[in-house]
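Accompanying notes for the structure given below.
The letters A, B, C and D name the chains in turn, as written, and every chain counts its residues from 1.
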Amino acid sequence: MSESYTPQELMVAVAAREIRDGDVVFVGMRLPILAYAVARNSHAPEARGLFEVGLMRDQPASAFLGTMGDPPNVAGALWATRMSNAMALMAQGEVDLGFIGGAEVDRFGNLNTSYVGDPRRPEVKLPGSGGGADISILSRRWVTLMSHEPRRLVEKVSFVTSPGYGDGSPGWRKRNGLLGGGPVAIITTLGVLRFPEGGGEAYLASVHPGHTVDEVAAYTGWSLQVSDAVSETSAPTESELASIRRFDPEGFWTRS
Amino acid sequence: MGLKVMSMAQAIERFVPDGATIALGLALEPLIPFAAGHEIIRQQRRDLELVGPISDALFDQLIGAGCVRRVTAAWVGNVSEGLGHCYRRACEQEVPHALEVHDHSNFSISLALWAAAWNVPSLPTRTLLGSDILRTNPDLSVADGLVQVKAVRPDVAIVHVQRADELGRAHAWGPLGVSEEAGLASGRIVISCEELVDASVTLSDPNRILFPETKVAAVVPEPGGAHPSPVQGFFKRDHAFHRDYAERSRTVEGFEGWLRQWVLDVPDRAEYLKQIDPDALRIKHHRPSVPADFGDE
Amino acid sequence: MGLKVMSMAQAIERFVPDGATIALGLALEPLIPFAAGHEIIRQQRRDLELVGPISDALFDQLIGAGCVRRVTAAWVGNVSEGLGHCYRRACEQEVPHALEVHDHSNFSISLALWAAAWNVPSLPTRTLLGSDILRTNPDLSVADGLVQVKAVRPDVAIVHVQRADELGRAHAWGPLGVSEEAGLASGRIVISCEELVDASVTLSDPNRILFPETKVAAVVPEPGGAHPSPVQGFFKRDHAFHRDYAERSRTVEGFEGWLRQWVLDVPDRAEYLKQIDPDALRIKHHRPSVPADFGDE
Amino acid sequence: MSESYTPQELMVAVAAREIRDGDVVFVGMRLPILAYAVARNSHAPEARGLFEVGLMRDQPASAFLGTMGDPPNVAGALWATRMSNAMALMAQGEVDLGFIGGAEVDRFGNLNTSYVGDPRRPEVKLPGSGGGADISILSRRWVTLMSHEPRRLVEKVSFVTSPGYGDGSPGWRKRNGLLGGGPVAIITTLGVLRFPEGGGEAYLASVHPGHTVDEVAAYTGWSLQVSDAVSETSAPTESELASIRRFDPEGFWTRS
């Protein structure tokens, strides 16, 4: 593995590539804030970022953000409003891509950010949905980022905070009234998992430089399907790295 | 005139009784009324229900201090650091005591407050379909393919703003989260502000007035009252402070030490601020909005 | 960049086809987009559905000119003068042709737009219980002791504001009526503005930006485009003009004469304004809002 | 009849007296705007005016208002907001008193501002509810002002835009889910009609100076009940008249 970038920097670069030019992106906390900044500065100059706190931006904030509500994210915003207005756009299908963080994900892309174990007396109480459930249900497509560990990529999440493809059966989302298309990628510290068109079970699409398919499979809590076309994830380019380091100069998100 | 202006101790004493349902942290990450929360802890309020979308670390602190019976929220933790350790201990070990949790998403908590603001039993939405949150929160139900979100009516909303006048006309700017619907949904509103200003300032821009003054019960001049959360035009977020809190609150003993240092052994916000370096956090680059002309004749 | 800026004729040509559902007059009495309405009449649009709470005389004019198939509104008339004579003729005598009316109250039309904004089929309310409006409007029904107000989704909202930039960030101030929910509910938004300003003006105050720019399809610089309705900071309401319209529109012939004088025989707003004395209506006493500091570092 | 004031001026003075100090008043168009100004300048200095356009005020506007959205009503307002927020306060029972104009009223206080005759082919199409239906259903109590003519005070309105006491049966409003208490007065050009506590049928409470009970009854489209304590309406005081003329200097509302 190259020493020239961290796993988080690679994840940010991969996440940025998920953003298409012109997309309205519902930007989550932490790495996605950087991913938006990187994309906006390279291949997606017409993207718009929507933040649940109640902001829309074009240009990324000019200074480091610890949270999406930090003052540099407000200065120069295109809209400072109420959360429900940002959610209204997403409920109308006007959000092309959302990012969600998760503590646990299963093979069908269901995320748990609420309870590990029985909700009535959990082993671990996680912080909860925030906007995650909203994004998973309402955005047109979404991506999650996660550290690749067997305790995080699990056979079955103990609580579905943010639904992916449910039980994996065809048409599960539509049958249950979920508006958006569902997850398109799980970007981890080891590789990128994707989903078949129309949803279903995740498969390994690419492995990060320095890692192997077997290693990824070993760190996954279910029997991982691997694409015939599995490839090596493209490393961050010089310009992606420069962008990342400009927006996270102290490495708060990408070097800790 | 001016009878609404009081100290934080007076405002909490008068408007936050034991058992109250209180909404706070309503702009999400910015403008969190930490000074009010700390005074609630000092006055040893009990059995509170906390309502809010994301409170950053304030809900965690109130829970750790034993003030809280129920949390009705979308997220409880520490935004830049992750898990809320006091919240974990309460839910996992009933330390300091058991906690009831009514899980929401950000959108659904907003709708619960709009339902109360408009005085209807519930509002419908497509969000949460397919989520197990529907299983654990008794205030959510499904009918005709839509989720019905039951109204949440706080007794009081506590809101920190940039400036307010003595009659309770408050100007806040930056993203507003659920501040507006929470204020309208609540029986009363307690305002804390960076600056107490003349009514000529607030009334110069009635569009920026956040709430009807008839709902505002108290105005507390409390500069720095949102630290460590950010206040547009006044203070940056204190990320290091959040990190320190996250580390120290990992254990009960650590949390108790933190609580003594920053809350229990401090009489008020002015003393609290002496322990930090406000100038390092103060925003020094000004970006005044271009005025709007409210000329009428 | 700048592709949204166009003339009113272009904006109506591109974004208001025959049969469209259009929302306008959304701030109630102020900021009514009369210039847009007159261009719609000049371009002879037909079968429109008009959506709004109270349009002052604009809806009456569009109806009289034969552009309208259906009105979904709380009130159609002339605010200072009373009845809308073209509206009466359409409903009572099918002149110039029959008109379908979906009656609302002010509150219920707002809720119909919020329902569309939030993409739910309907929203509940206690208003209209006991009113015969429930009998005549098929978009209202009663269930479980609440009125269900069906979503109304305009194809386009047309909004006049004080200032906007070329990318569609619009600043409006004064009372906003249902402007915000109508904009969010609509597929697209057409802005007309007193002043086209640099983005440094609009972005200096993102809280005053009324709509997400992603919804704004056109920006029409149209000073005086709301005459005879008032524009805070720019123009007083022209009461005498409303009175004159009320008198002349009592008869079909009178209305047709009025329409020729003020709409059909006038190519655009600039020519229209030559027939009035804008300086007599211009607001000369300025009341600038005290800036808010959006400083961030 | 004294020549020193017009019937409209008397109506404004009577309407102003309905406003109690501290009331939140939902102020309708035309005469109620003046009534609010008069009350605020005399016995109700702590009243607040709420305007459906999206405004709250304490002081009356400093200049003549043709509509509630005129610029002088905005300058110095305590709140400039959306209509739905003003309606929210009313739906919560926070509006003490509302004013509604009407074209027709019946003995139970039901108002018609929509259709005279069959709504499918009306004899007269009136402008509609505006906020009238909302005020009639949601405000704690309300008052209407009307020219006293047999075609306006009718046995039964052909369309109930804004419900009063419905069919007049006890508990009609509560039974039908109406939040507020209903109408308390009909102020006309000839007298003041009031309702019994708890609602029901209107009765004549006072007759304006220069008019008689018989005259009022003759101009009423139903058999009018008359209070045993029927009195003469107090004429506008000097100070009420001064106030009215200050806010309507050209007599736009009160002398035309």
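We adopt the following convention: a contact is a pair of C-beta atoms (placed from the backbone, for glycine too) under 8 Å apart; a residue touches a chain by one contact, two chains touch by 3 or more.
In this text, all values refer to a predicted model and were calculated from it rather than measured experimentally.
S.K.: Can you give me the shortest step count from chain B to chain C, moving only between touching chains?
M.R.: Minimum number of steps from chain B to chain C: 1.
S.K.: Between C-D and B-D, which chain pair shares more contacting C-beta pairs?
M.R.: When the contacts at C-D and B-D are counted, C-D has more.
S.K.: In whole angstrom, how far does the Cα centroid of chain A sit from the Cα centroid of chain D?
M.R.: Inter-chain centre distance comes to 57 Å.
S.K.: Counting in whole Å, what is the centre-to-centre distance of chain A and chain B, each centre being its mean C-alpha position?
M.R.: Using C-alpha averages as centres, the distance is 27 Å.
S.K.: Please compute the C-alpha centroid of chain B, do the same for chain D, then give the distance between them in whole Å.
M.R.: 41
S.K.: Touching at least two other chains at once: which residues of chain B meet that condition?
M.R.: Residue numbers touching two or more other chains: 118-120, 125-126, 146, 173-174, 176, 180, 207, 232-233, 236, 283, 287, 294-297.
S.K.: Listing for chain D: what residues touch at least two other chains?
M.R.: Residues 55, 70-71, 74-75, 77, 80-81, 84, 87, 91, 179.
S.K.: Please categorise the chain-chain contact pattern as a line, ring, star, complete graph or other.
M.R.: Chain contacts: none of line, ring, star or complete; other.
S.K.: With touch defined as at the top, which chains are paired up in contact here?
M.R.: Pairs of chains that touch one another: A-B, A-C, B-C, B-D, C-D.
S.K.: Which of the residues in chain B end up touching chain A in this complex?
M.R.: 27-30, 53-54, 56, 73-77, 79-80, 82-84, 87-88, 90-92, 101, 103-108, 110-111, 114, 125-133, 135-136, 145-146, 173-181, 229-230, 232-233, 236-237, 239, 242, 283, 287
S.K.: Which bits of chain C are touching chain A when the two form their complex?
M.R.: 117-120, 169, 180, 184, 203, 206-207, 209, 211-214, 294-297
S.K.: Quick one: which bits of chain D touch chain B in the complex? Just the residue numbers, please.
M.R.: 24, 48, 50, 55-56, 61-63, 70-72, 74-81, 84-85, 87-89, 91-94, 179
S.K.: Where on chain D does chain C make contact in their complex?
M.R.: Result: residues 29, 51-55, 66-71, 74-75, 77, 80-84, 87, 91, 114, 119, 121-134, 136-138, 159-163, 166, 173, 176-179, 252 of chain D touch chain C.
S.K.: For the complex, give me every residue of chain B touching chain C.
M.R.: Answer in residue numbers: 118-126, 146, 162, 171, 173-174, 176, 200-201, 204-205, 207-208, 232-234, 236, 283-297.
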